[in-house]
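What follows is subunit A paired twice: with subunit B in the first complex and subunit C in the second.
Up next is the complex of A and B:
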């Protein structure tokens, strides 16, 4: 297993990812969602160190797309261990874009703000949705600055001005609160979701019913999304993501191989017993 | 016969408060918005919700007390495994201490940043107050307020520039950015001298809005500068070591162990013993092969087959599971709301 994961990582070997239709649909949704001046996207990064490997690339591709479109993003989390992700992910994406496009800037306070960890789960979301002005409701960001002081986020207004909601998580139950409570009479946002491989089957029922407009299925979803992004923005760099996806794919192959061997070995033993037993 | 004693009274009191807490959210959810507004709860909902969140946060304190109590007893009486309890308490104390110190440091940084925010906040306040009628407002005259803004602004910027000369720790890029913002704010404040401040005209309002915008950028730059300078302090480095160095990496390592268990389980436990398990195994293999990069080496249709499996049979099955779980969860929630599940609080004895 170590060799299967380590060889692609150390050699930098990557293969094209599998085509995932849900990631393609998500790209179309995110590309076509209209944002008028003052409208924002709200992205929840509800993951910690345990699911960082799958969720961080998902958060990066979502933020990269929104940053390229110059959509102001409000980042927050229901999970207290998401602090590192909330700080690190947007900075790294901004730095990567600035390296690619040196004449452009993505700075904190203009491209994104970090509203931090907000406790309360469903209670907080319900209160957020019913607030008359989200900027005032959220109060201050993690730096202590009033959110109303940032020009792009000064007057968000009611939740109707949040046109896109992204939820990136591997935790069970967290995504459900977004689907259930992030809506009110006459308003339903466009919801996109990045999940770990283990929660894919659960997320599909929402994708099928239309409550979810786009889904990144584990790191494979993030890898295919990055390929689609690359088709539209050729200078986008997704090498590292493809290498990690290839390493994970190799690990899956090892598990499949172990399952096959684990089933063949007893079968072989049974057959041998019968054959030798009949000749013995 | 059931005897009623103080424990039953306690259970009754807990039941009443549980019911009241639940009924509020239940009614808020089911009643139409017009009814909620009529009662007058809509404007207070945010404050009530915050109150509930605070009460929930009290559970952290209870948990802490419980933890110290349980493990402290083990350490004091040297029960079996007391060394592990000592390790836990030591880690707890260390993390609490360092996090508290880091929190106090960040409070100080925020206070420092807020001094810079005053420029933009005050300018915004002057604009906002000008929209209100003077009959309802008891504030100094516009000229006096603008003069106070300029005085504070210039003084603060001068003090800051002097401090910047002697300060180290933040990168030169951030320092340059901050100096640029200081220059911009100074320029915008100086422009306020160009107009008279008898009353707020569109032109003078525009000048104040420029102070607001440049002041906001300045305080963001100052905040970034302060945080980067603080990153080299002992407290912050200790916090980074414990949180990002130990806690996050150990958390990732714990989850990485699952990979080893899955590999072992793949060989030993995932055995086909019946038709149903064969079907499940085939579905699992198709889904895995459809998701990984190597699946297309077997067939180009692998991803499409996987998609069908997830969209049709899986969705059907999962919907049924979720419906059942949802109904069960609803029943459990109603039982908890009505305190039918709270037998542990009740010590009533039956004869």
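Up next is the complex of A and C:
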């Protein structure tokens, strides 16, 4: 298994990812959502080292798309261990975009702010959606600076100005809290979700009911989303993600092979026993 | 992981050692693995309270309450006036602290007030959450069995909806245990329609569990891929950097 995974990673070998309709639908939603000046996207990065393998690529493609569209992004988390992701993911995406487009800048405070870890779960989200001005309600960012000091986020206003909500997590409880409480009379945000493979079957329920407008299914979802991004922005670099996706597919092939062997061998033994067993 | 800075280099090297220590369990249980396992548990347990204190209690509650967010300018004026209303935070803090009376036999009733309050709040939130989450799913399950698109029958979508509704009804039916008593085993009667349809829900549930299991395997493999990639690309590069090969 280590070899199956390690060889593509070591050689940097990649295959094109499979088309995923849910990820494609999410791209359409993200591309078509209109943001007027002052309106923002709110992306919750509720993952830590435990699910970083799947959630980080998802967070990267979501942020890349929003950054390319110059949509101001408020990043925050309900999960304590998300601190590293909140700091690192937007910075790396911004760096990558600046390498690709050297005459443009994506800087902290302008492209995104990090409101950090917010405890309280449902109670916090209830208070957030009922706040008259989200900038004032959130108060300060992780650097200790009042959020009202950043021009793009100075006066977000009520929750109606949050046009898109992104939730990247492998924690179903945390995701449920967003679905249950990030709404108020007459306001239903456009919610997109990056989930881990384990939670795909559960996330599909929300996609089917329309509570989710788009879904990234594990690494495969992020890989296809990055491919769609590449179709629209040809210089977008998704090589690393495609290598990971290929390595994952190689691991799946090994698992399938083991399942086939594991079933064929007993079947062969059974048949041999039945057909020739009595003759020795 | 950024291994271009010295701090990044150190964390990458430590990360690699931690990963290999945990992977060493694949060979057999060993003290190296056990040490790092305990280290992870300790860090995770310690990190939680520390982050709550650093990211929430201190900057959001204690700092404004103590007036530490106010800057005094050289001319003696203040950046903002002190808000005495912040002192109201003391009321819920004192109320919440009553929880600690759980350790006193005589005053444990005080803790029960807090527990009762918490249960009431949680119950109310659960009801609110139920309506926010489940009602749209119930309405979302009302699907047309025959779908027309641009005046023509949409076969695939219609098939999907029929499959969805049939699965929903059969699985719900499988979980009816409380009425429609079935005496077929005793008296040889054919049984109720409900009881005869019930077994059909089981294979559908098994398909669902299979999907869950498959996706769980996929998630675990994704973790393996990420760690292998980290070891092969980041860690080996950092190690080469340190020993002066790269």
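The rule is short, and it goes like this: the second predicted complex is superposed on the first by the 280 of 280 C-alpha atoms of A that agree within 3 Å, B and C clash if a C-alpha of one lies under 4 Å from a C-alpha of the other, contacts with A are read in each partner's own complex, and residues count from 1 in each chain.
In this text, contacts are C-beta pairs under 8 Å (C-beta built on N, C-alpha and C of every residue); 3 or more make two chains touch, one makes a residue touch a chain.
This is a predicted model, so every value here is computed, not measured.
J.: Mind checking subunit B and subunit C on superposed subunit A, clash or fit?
T.: Overlaying the two structures gives a clash between subunit B and subunit C.
J.: Just subunit B (first), just subunit C (second), both, or neither: which does A:197 touch?
T.: Both partners.
J.: Return first, second, both or neither, reflecting whether A:233 touches subunit B, subunit C, both chains, or no partner chain.
T.: Touch partners of A:233: none, neither subunit B nor subunit C.
J.: After superposition on the shared chain, which partner residues are touched by A:81: those of subunit B (first), subunit C (second), both, or neither?
T.: both
J.: Thinking of the overlay built on chain A, is A:261 touched by subunit B (first), by subunit C (second), by both, or by neither?
T.: Touch status of A:261: first partner only.
J.: Contact-wise, after the overlay, does A:54 reach subunit B, subunit C, both or neither (first, second, both, neither)?
T.: Second partner only, subunit C.
J.: Just subunit B (first), just subunit C (second), both, or neither: which does A:10 touch?
T.: In the superposition, A:10 touches subunit C alone.
J.: If you count the residues of subunit A that each partner touches, which comes out higher, subunit B or subunit C?
T.: B
J.: Who does A:20 touch here: subunit B (first), subunit C (second), both, or neither?
T.: Touch partner of A:20: subunit B, not subunit C.
J.: Answer with first, second, both or neither: which of subunit B and subunit C does A:218 touch in the superposed model?
T.: both
J.: Tell me the contact category for A:35 with respect to subunit B and subunit C: first, second, both or neither.
T.: neither
J.: Where on subunit A do the contacts from subunit B and from subunit C line up?
T.: 1, 51-53, 81, 119, 123, 144, 197, 200-201, 205, 208, 218, 248, 251-252, 255
J.: Which residues of subunit C touch subunit A once you look at their complex with the stated criterion?
T.: 44, 47-48, 51-52, 55-56, 59-60, 121, 125, 128-130, 132-133, 136-137, 139-141, 164, 208, 211-212, 215-219, 221-229, 232-233
J.: Any idea which subunit A residues touch subunit C in the complex?
T.: Result: residues 1-2, 5-6, 9-10, 51-54, 80-81, 83, 116-119, 122-123, 139-140, 142, 144, 170, 176-177, 179-181, 183, 196-201, 205-206, 208-211, 218-219, 243-244, 247-248, 251-252, 255 of subunit A touch subunit C.
J.: Residues of subunit B touching subunit A in their complex?
T.: Counting only subunit B, the residues touching subunit A are 25, 33, 42, 45-46, 49-50, 52-53, 56-57, 109-110, 113-114, 117, 120-121, 124, 212-213, 216-217, 219-220, 223-224, 227, 243-244, 247-252, 254-255, 259-260, 262-263, 266-268, 270-272, 281, 285, 288-296, 302-303, 307, 310-311, 314-315, 318-319, 322.
J.: What does subunit A use to touch subunit B in their complex?
T.: Counting only subunit A, the residues touching subunit B are 1, 14-22, 48-53, 81, 84, 108-109, 119-120, 123-124, 126-127, 130-131, 137, 143-146, 149-151, 185, 197, 200-202, 204-205, 208, 217-218, 220, 245-246, 248-256, 258-259, 261-263, 266.
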